[in-house]
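Each in structure tokens, the structures are laid out below.
You will see two complexes here that share subunit A, one where it goes with subunit B and one where it goes with subunit C.
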Partner chain A sequence: MKKILYSISVVASAMLVFGLQGCKPKNAGDATGADAASKVYVAPGKYDELYNFVSGGFSGQVSVYGIPSGRLLRVIPVFSVDPEKGWGYSEETKPMLNTSSGQIPWGDQHHLDLSQTNGEIDGRWLFANENNTPRIARIDLKTFRTSEIIEIPNSAGNHSSPFITENTEYVVAGTRFSVPMDYENGDVPIDSYKKNFKGTLSFVSVAPKDGEMKLAFQLLLPGMDFDLSHSGKGPSSGWFFFSCYNSEQAHTLLEVNASKRDKDYVLAVNWKKAEEYFKAGKGKKVKVNYAHNKYNEATHTASSTMITETTVIDVKDFPDLVYMIPCPKSPHGCDVDPTGQYIVGSGKLAALIPVFSFAKIQDAIKNKTFDGTYGGIPVIKYEAALYGEVKKPGLGPLHTEFDGKGNAYTTFFISSEIVKWSLKDLKVLDRHPTYYSPGHLCIPGGDTRKPYGKYLIAYNKITKDRFLPTGPELAQSAQLFDISGDKMKLLLDYPTIGEPHYAQAVPAELIAKNSQKIYKLEDNKNPYAALGEKQTKVERKGNEVHVNMTAMRSHLSPDNIEGIKLGDVVYFHVTNLEQDWDVPHGFAIKGNKNAELLIMPGETTTLKWVPEKVGIFPMYCTDFCSALHQEMQGYIRVSAKGSTVPLSFSLGKNSEAAESIIAKK
Partner chain B sequence: MKKLFIIGVFALFVYACGNEKKETTDDAAPVEDAQKKADPSYDTNRGEGKFKDVKLADKLDNAMALRGEKIADLKCLSCHKLTDEKLVGPGWKGATTRHKPEWIMNFVTNTDVMIDKDPKAQAMLEICMVRMPNQNLDDAAARDVLEFLRKNDGVK
Partner chain C sequence: MKKNKLTNPVKALVIGCGLALIIVLFVPLWQIELAAPQYPEGLILKMYPNKLAGNVDIINGLNHYIGMKTLHTADFIEFTLLPYIIGFFAAFCLVVGLGFKSFRSLIAVFALFVLFGIISMIDFWRWEYQYGHDLNPDAAINVPGMTYQPPLIGYKQLLNFGAYSIPDIGGWIFIAVGATLLTAIVIQYKKQKNATL
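What follows is the complex of A and B.
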């Protein structure tokens, strides 16, 4: 008995060991390739660990990836029309792309910042900037839709944006191009740059509850190019840091003329002080013209309002607002570490990285350890602000993020690599090539007080030989690294939408739990919504015809419409009556120049149609919705101008509403 | 003795792989009855969902039926007629005599599970060929619609 029991336990133990090994994935210690594959493999039906929001650069949009798989989950339309989602095509979304220059269909989207509370990502909103026609967008992370876009006056090339303060009090916008101010005569010789061109740093307030943005005040600065920025945190809370170049004030061949000086500047802005002055009524009110566009969640409709005034605070009249810190060779990145003590400036033509100390900057200000002024702004002595320099890190440092364990990671565009270095002693710890020429990088929460230091993603401008060729135009790329150990490990390459300029990433749970599934029909306040088929109707108001229509698997109501005449402007207000997750309907009419619609469950969306020919025009659902999707179709009859064909509509037979209209006639 | 040994090994194998199949005492081969079809514990009259026992009054609650009609207009009547004629889904006439109130309540609030599992729901799917969408009715709204169905079936 004893012997038998013994053998049972031996075999059992052996089975336990073998059994476990057989069922568990292989772990670290295997060949690097296999290890990398298992680290990025997310099994079918399983979710990714993180959301990664990536700016689309010249695409104007924002894309959303799952990390670690690198799977594209969604492209959020922001500053460009998007035929996939009807963004900028439906009457309800057109106002979102309005500006002081009218509707702009294609923007240039550079940076992103997730909203924060106490310096940590709170998962509520994502801010995105538009570079070309200066704007800031706020994306609601419940719906993954752009909720609001505000234009920035007195600016051109809104690059150092949309970075936020620790509690999302403000989102900033610094002008890349200095220009004559909108409220002054801009018809001046270009070579009068030094006299007539100015720079501005705009502070846009964000309402704590609903996120509504408002241009609070603009700081007026000497003409230069403002590049990037980050808010202080912890001890440096209340300060904002901006990099700037072209302190030479060149207006032509900047490649040479703006690269002459040994040092440009990092600007330290005491925004709390600026806010105080603004609230005390300081600064001057000026006439401007800019658009403020908002999407109303209840009516599913955007509105665009023009605003005509702003407050400008000239920093040379307020000597305690702004200080300049010399920074070598055209600084680009301007990053603040998680403790808020160190500010990393990265001269894009430099071969070293200066790290400034917030405490030393404060001492220098107190003791006036200045080295003259620039445009009336005190310049702090370089050594007086400097914590130290990272020596020989590589060529062309651009951007730095942090892992929360005392390490910094900087991209090097020219030498095409990422370099890990220690904040404590500024020693280089590791370097890894990227393929090729990285701009920004992203560590989840890597620009907040609480980084999630497991992954690093490099965003490369050039991919050349990395993917199958697709003609002259190649996708740019992201490269995922495991940074949980001492050495960085490359895990995955994946192509991106447009230029992956900057990115934010956050553990999935923070966002996923709030994700909205449908628009509730009961809350639909669109004035043209047909809440139930009984409310469907077709109404003529002069030459305008409004069709209040419903879509439900698998028919449109009404699906036969007659009495439309040439010269009419027809609006199809389509309400999707579905209340189930992931059942959108589409809507299209043959020959319509304003394309199609895509309507989420419970939503009402409007398609404008100006028929130009007499005849029968088919309409149908364009989003495969059910087994009878191909049956989801109907016809519209268009008659000549002055025709006597009465306006009528029906489904199956005439609906009650149609009958009552006919009866009245 | 031999039996015990096999049990031990088998049990441990199961443990190691986190497999939840039942062990067997007389044969180490995998249990086959996991595949079996009809589940005798499934109550086809009640359906599956949180409603076990729905009490109906003899008389109609008119206010409730009126609310139910409004909800039906908004969310249901694109696909159902009030007669016995099939549109996208079956006509509603006689629904309360064909189905127990528990079944209706469960079907309306737990639609996807019922379509996957319930024999009557599956038979309807074969006729209609469109899965009834979950229209996100909360319990009270579902109960109001049930009262409207009763009114439609002549309860006064």
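What follows is the complex of A and C.
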């Protein structure tokens, strides 16, 4: 009997355990629709529908994906050196990474913005920020190469950047760390933050034709942390909005000390007015030192110029420039809807989303519905600027984009989900979990006047169990959703390069049609270019040896070089003579404490080599260029210092020096 | 004598031929299309009356593997002569239609035209043969017994490349001119025969 009772109780408890297991919600991580696979399948040889430019975070680079397949198309080197492409290693590209602190091999790349005309993506340039050593880069979308980098003085942690105005008049840079200004004594106690630390919002003008960036003016603000920003559009076109936190002005243990106040601010900046003041000569000129680096398309060479002056406009001297709008709980995202009427603030720790109305902000300014000032800046009453609040949307909203059909989509880091809500009545329409904890999201054109509301991509900070494990260090991930219907549908997970923050996407046609295939030899103005094998030469200038070399399937010309001596600095200027699509050549030398070159058709690039040993050093083409790629090689003879071996070079025969020795015998 | 005069429709056809030949001066005569696995978009060699065009440099670059001589417009006297010859035929047609207006002159222009066509094709074949066979013995790729003569007309596989040789716009106009001249002769002949009866 006892035995029977015992068995019954075992069975009962087993049933209870399994029964309760059944009550536990199933992991919805694999709950994709049956048609998901067909929606992301791009058949071999077919093209993706969209380009997706994704920030690389701590990788410092920008990656390019195809959507909807999630295939990685290219990694564009921007702020970090890339030995594979010779970026930052070739003599031509070294100046691109120059700063006021010298050449820096790494950057922290957070946000991207595609150039716009009339508030729509025009497909010309991609702007990228660097957070650590404040910089902005401009990438040319004909070549997918970084063509300009400008350093931002009076700044630290260039976070609210590189957001642009509707017609790409300006690209902005707001400082995350307030710091003592470069033109003032920085040797001050850290606890003098409130007195000595200042924030700046920089406006960098972009030349309409060639895109050249120029630091126009900087607005000086009280010390706090500026986070994200977006330009107005349509009715709000002349305004820029920045979120800021740490209005407590804490300088230590920010996670507690900067989270004390119930509300921080969204800053409304009348940039048209600021431009007017700047053009009228207002503000003060201050001494600074920052680098402006440009890549010349004709010479294939970058140059770096140091600039020593900028204009600072202290906003407290100009009361109609900047207004502050209270925004709950350390706001991150600061996003403007496609009509330009609504500004969405996202408090990192908030459980609601405030939506501000541009029209109400203007009324409040006109009627001076203020609630005191902050550091001399008028603070608009919260209710006077508020269009409404999205109630109980989730926890920890970060970033919002729009589908152009009246809906907004917000990422929630803490509750790990995306929430779709209506701009009209601020009601939550749908929610979908992400895996896990998204930061930014991207709807193609989602921050422009004309979103392409078919897809949404979430960029997650935590990956954990989503892919095969690769040790403690995991890739971060992107998740693609179909948002064409009422409900969001998860389609695809794919790993990313570095840590993706902000991203941009655009229908492929706009970019693909302009994509350059080769560099034309007749346009190559590199001073060391050899535009044919007849122009190849080796010249000595003191202890510098310049080799003007060509690469062509399947030989280097010259491929035998003698007369190099220890103590020489040798520059190999290699011109790829090919004029056919997708025939790059590579170039490397044994033992060179440097990277390789990857030379595109028609391009000239230079590799520096300082030989340190006597002997024979092989060189070769590193990019499998042809059936005879393995034959594309040569030798360099290095002799001792003071050796009498004459400088000579040849291809397909003995050198002249060798011939003369043979003739004498 | 009058019965040998060309009729108005025949004159119109011949004048039309003259005008069409003027167009030929500005358009490619012949083309050789090349396709390989690595060139899905294809390479093309276009022969204009006065020049070689298309992907000449790329084709020259590839041909060095098999040791074929590089192609240069300047190496062919034909590209100097052809515009004059075509111009001559254009003028001849116009003169036959507007000046001579005689059956005999029509037959003369047709006969010369056909003769020129045959000589041109023989010349073309001769060059193809020469370039296809006169190979550098030091070339990287040396397939015993393999020559690289493209087809005169039609398709031929040459190693990894498929070569497709066909007339281009100018060539088709040329063929049409020949056919039109022949038609004109037939129409005129029938007309004269009827008149004689």
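By our rule, the second predicted complex is superposed on the first by the 619 of 665 C-alpha atoms of A that agree within 3 Å, B and C clash if a C-alpha of one lies under 4 Å from a C-alpha of the other, contacts with A are read in each partner's own complex, and residues count from 1 in each chain.
FYI, a contact is a pair of C-beta atoms (placed from the backbone, for glycine too) under 8 Å apart; a residue touches a chain by one contact, two chains touch by 3 or more.
Please read these numbers as outputs of a predicted model, since none were measured by experiment.
Taking subunit B and subunit C in turn and counting the residues of subunit A each one touches, the greater count comes from B.
In the superposition on chain A, contact is made by A:533 with subunit B only, not with subunit C. When the two structures are aligned on the shared chain, A:578 is found in touch with subunit B and with subunit C.
Once chain A of one complex is fitted onto chain A of the other, the partner contacts of A:628 extend to both subunit B and subunit C.
Contacts of A:555 after superposition on the shared chain: subunit B is touched, whereas subunit C is not. Contact with subunit B, but none with subunit C, is seen for A:520 once the two complexes are overlaid on the shared chain.
Contact with neither subunit B nor subunit C is seen for A:246 once the two complexes are overlaid on the shared chain.
Contacts of A:648 after superposition: neither subunit B nor subunit C is touched. In the overlay built on the shared chain, the residue A:93 is in contact with neither subunit B nor subunit C. Across the two superposed structures, the residue set of subunit A contacted by subunit B and also by subunit C is 552-554, 578-580, 626-628. Residues of subunit B that touch subunit A in their complex: 1, 4-5, 8-9, 12-13, 15-18, 73-75, 77-79, 87-88, 129-131, 133-136.
Within the complex formed with subunit A, the subunit C residues making contact are 57-58, 61, 64-65, 140-141.
Listed in rising order, the residues of subunit A touching subunit C in the complex are 552-554, 578-580, 626-628, 631. For subunit A in complex with subunit B, the touching residues are 1, 4, 7-8, 11-12, 15-16, 18-20, 22-23, 518, 520-522, 531-534, 550, 552-555, 557, 577-580, 583, 626-628, 652.
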